[in-house]
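Reading through the structure tokens given below for one structure.
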Amino acid sequence: MDVLLLLGDGMLLSLQPLNLMMILIGVTLGLFIGAMPGLGSVNGVAILLPVTFLVPPGSAIIFLAAIYYGAMYGGAVSSITLGIPGASTAVATTFDGRPLAKQGRASLALVTAALASFIGGTVANVLFTLFAPLLASVALSFGPPEVFALMLLAFATFVGLGGDDIPKTIFSICFGLVLGAVGFDQISGAPRLVLFDYNGFLQGIGFLVLAIGVYGIGEMLWTIDQTRGDVTATTPKMTVKGMASDTKEAAKRGWKGTMIGSFLGFFVGVLPAAGATPGSLMSYGVAKMVSRNPDEFGKGSPDGVAAPEAANNSASTGSMLPMLTLGIPGSPTTAILLGGMVIWGLVPGPRLFVDEQEFVWGLIGSFYISNVAALLINLAFIPVFIWMLRMPFTILAPMIFVLSITGGYAATRDMFDIWLIVGFGIGAFFMRKFDYPLAPAVLAIVLGPIAEPTLRQSLLLSSGDPSIFFTRPVAGPITVIALILIFMPLVKVIRRQMGKRKKPAS
Amino acid sequence: MRVGELLTAGFLALLSLYLMWKSTELPIGYIAGTGPGGGAWPFWLSAIMLVCCVCVAFNWWRGTSPPSQSEEPVLDSHGWRSLIFVGGGIIAFVALVSIISMYGAIAVFLFYYVWFLGRHGLILSLSISLITPVALFFFFEGAMQITMPSGLPFTDPVFNFLYEIIY
Amino acid sequence: MKMTKRTLLGMAGAALMAVAPMQAAAQDWQPRKPIDFVIMAGAGGGADQIARFIQAVAEQEDLTTRPLVPNNKGGGSGAEALIHVSTASDPDHTILVTLNSFFTTPLRQENLGIDIQTFTPVAMMGVDPFVLWVHKDSGITTFDEYVAKVKEMDGEFVMGGTGAGQEDSIVIAYMSGAYDLDIKYIPYDGGGAVAKDLAGQQIMATVNNPAEAKGFYEAGDFVPLLAFSDERMPAYPDVPTIKEMGHDFSYYNQRAIVGAPGMSDEAAAYYQDLFTQIYESEQWQGYLTSESLSPLWMDAGEQRDYWALQVENHQSLLAALGE
């Protein structure tokens, strides 16, 4: 009961006029930060930190929650309208969001994303309120072998993602994984794959560098070439009536994905090492698996937008759980938040949840309110985003290039990365021409640096014995399921290919 | 397309070989008691990449993949032109960043694209290429506190003046 | 039209510059641009927390005319940050928050060509001691029990840390050598992950800065066994030091601010003054106490000597590690 009272206090605090204004400003700012390729909630929260000294801590927390939610909603906007995932959590949103936008149904995609995000966030908040301490102990039981098993499971969903050309899909996955290994070997601490012995590669190749190169430059060049620079895509229309019917359609065709994403995303997000990216990817895969028309996925299915969007919002809220209950950051954003707590004079750690209830529940209360505010503001801005799409392509295209370059620089503040973006972009253009799917590479560069160290940490733990992945009570079942999922479609495909080969022969 | 498919596969195979060779700087085998060495992960993955390239070449020979059946050129004259003008424009844009600052380069690039490639009116082109960098300046430097490259020292007076406004 | 605007701005700027030198003569050097505040670690680690705390103090007390802009460059054990700072185009506006990888990384990777003596000393904000922790469920309560347990497990005792050549691995290597311990060491990518896996008992012990383990200590989950400081720490008065055990060893992580190579004397003086003010602020002194950092204030000349000494110490420590 106490908890509900404290939660209620937190919500009431958020509804005071000054704080409500903070929420509106925060959500709007967050929405635009999230919509910029390259910028995300990390940047929003980082700029806020020094300000926390200037306002009362209560308002600071609320402002922070607002920026956080705004940025999470915004991530979908650039995935759908520009086709550039602004963060690794939004890659899966492009799979179906982009095709919908190209069909002139951007508003349907945006409305679906907003509603799914709202439900994902709300489900996560409720689960958080009810089960926080219990889930914290689950999170702790995940050591390196369990995390690796989970990564295997995420890879299993890859298999269904690629194009029809299997060697090219596998090439793309491996390419992403190898790029993720550039920089330093975490286990031995030695420099690794410093290509051409150029020092710039010591810092590794970030996800954003590859994603912005592939989507912001490569995909754009491909579109320009394909359409002869004259894109006369169906002009998206925007009316109040249209939006109402979009809402209906989104609810009808996206509820399944939303439900899957909300729950699956939360549980994956709670695990400190994993985070929102595998959560959104796995939700997409599961939504496709259980869908009645899986062929629609990748061609503009509202379920395909709803699942990853619900999952990444839900997972981002989930990643707050290890931070608040254990003092362990689950993502870079929560890491900066932890720093903020130290500045406010709080001690992050397991005692926080017990000793600073007012702070914890105030924060969670403001999550509920910010989530509602983010939904309303996002819906209000959809016409603006649609209007952007109506710009002539010869103005929109250079704008996208400019946003890609500036966003890429803002993310790492290194000119070398900008050159890499351009290089990847031109390379991606040619690979795209020859039907190499690139989404697997972009996702692999995120998952590889989690998978490889956990694999090797596990083997160090077991003195080189790989059975550790099968004998541990949590890791074992996950590994087995993952392996089945990986090999099932492969067997199916090989059979089909064999069948194909036989036919022309006979 | 047919030739291009094989050339691409060949190029990617060379890349895989280079990555394999580079990975051997660290141990690539299975070290008893500790698991795979530091180079094993990238080495064996690059090896799979190489195998994939061989498969692509095999499919090319059998003519089963769409690009290996297509007789269309990879890029026709229009394609080449747009790639050189747009791709070259982006490269020039990035090269200009270290000379006339990020914002200066944005202005030049936008003007080039909108006016020269897009054939829009002079007034429209100029206003887009001037308003965008100014808006981005206030967004990045003012709101986000992210400093963009300011180019060679001769741009300093302009930036000092602008910083005076926002701080 | 574009030219005129540029020229106008330029002229206005030039006019401003013409006035500026007179002011500058009156009130010393002032930053003209946002200050690139480079952090030798990724977001969220101990060094990052300290940098952001410093930034917040500067902001709150309104100490600088231009903001300190945190810039995380943690790649390659700080190699990324060292390269970035030593090639900075504007050394007067580039400063670096360092930890001990400031000494170890140039030693371990000579091909970087970094000579730390070319950097400009600014301020030593404090040093962070190290403590050996175990989980309370392990039943170990003293260092002697710990040594007995490790010997009993014969190479199966698992400790976590932030990687070969990192601060904690140096401490663990010394301890193993001194007590003839055979430890299985698992490298992680950050102090937070190490603390989490100790809390989940995936690993059995760690060597961490008190700041990273404090939350779990206060909750009663972690038990401190041994401190690697010169004297017993005020926050952990019952924890013996390795010096008391008869080994002349202490190890601290430095939390220092240095300027880019080639920084002008005026700028260096400005930053030294700035960080003296931050150091003396109530907030920073409170932070030192609450996070168990030891004060070790030094002037610029002393810092250079300290660097030389540390490089020498680390050379022998790394040599002992087999690096």
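Read from first to last, the chains carry the letters A, B and C; within each, the first residue is number 1.
Keep in mind that, in the parts below, contacts are C-beta pairs under 8 Å (C-beta built on N, C-alpha and C of every residue); 3 or more make two chains touch, one makes a residue touch a chain.
Remember, predicted model here, so these are calculated numbers, not experimental data.
Taking the mean of each chain's C-alpha atoms as its centre, the chain lying closest to the overall protein C-alpha centroid is A. Of the two chain pairs shown, A-B and B-C, the one joined by more C-beta contacts is A-B.
Inter-chain spacing, taken between the CA centroids of chain A and chain C, is 31 Å. In this assembly, the C-alpha centroid of chain A lies 22 Å from the C-alpha centroid of chain B. One inter-chain figure worth recording: chain B and chain C are separated by 35 Å, centre to centre, where each centre is the mean of the chain's CA atoms. Of all residues in chain C, those touching 2 or more other chains are 67, listed in ascending order.
For chain A, the set of residues that touch two or more other chains comprises 187-188, 413, 460, 463.
With touch defined as above, residues shared between interfaces to two or more other chains in chain B number as follows: 145-147.
Taken together, the chain A residues at the contact with chain C in this complex read 42, 46, 49-54, 139-144, 183-184, 186-189, 191, 199, 202-204, 272-273, 322, 326-329, 332, 334-336, 338-340, 342-343, 347-352, 413-414, 453, 457, 460-461, 463. On the chain B side of its complex with chain A, the touching residues are 1, 4-5, 8, 12, 19, 22-23, 25-26, 30-39, 41-42, 45-46, 48-49, 51-53, 55-56, 59, 65-67, 74-75, 78-79, 82-83, 86-87, 90-91, 93-94, 97-98, 102, 106, 109-110, 113-114, 117-120, 128, 132, 136, 140, 143-149. Residues of chain C that touch chain A in their complex: 42-45, 48-49, 52-53, 55-56, 59-60, 67, 70-71, 73, 75-77, 79-80, 83-84, 108-109, 112, 158, 163-166, 184, 186-189, 192-193, 195-197, 199-200, 202, 214-216, 218-219, 221, 287, 291.
Across the complex, chain C meets chain B through its residues 1-2, 5-6, 9-10, 12-14, 16-17, 32-34, 36, 65-67, 69.
The part of chain A that touches chain B in the complex is made up of residues 29, 33, 39, 43, 47, 165-168, 170-171, 174-175, 177-178, 181, 185, 187-188, 190, 192-193, 195, 217, 221, 224-225, 228-229, 392, 394-395, 397-399, 401-402, 405-406, 409-410, 413, 415, 418-419, 422, 425-426, 429-431, 433-435, 452, 455-456, 458-460, 463-464.
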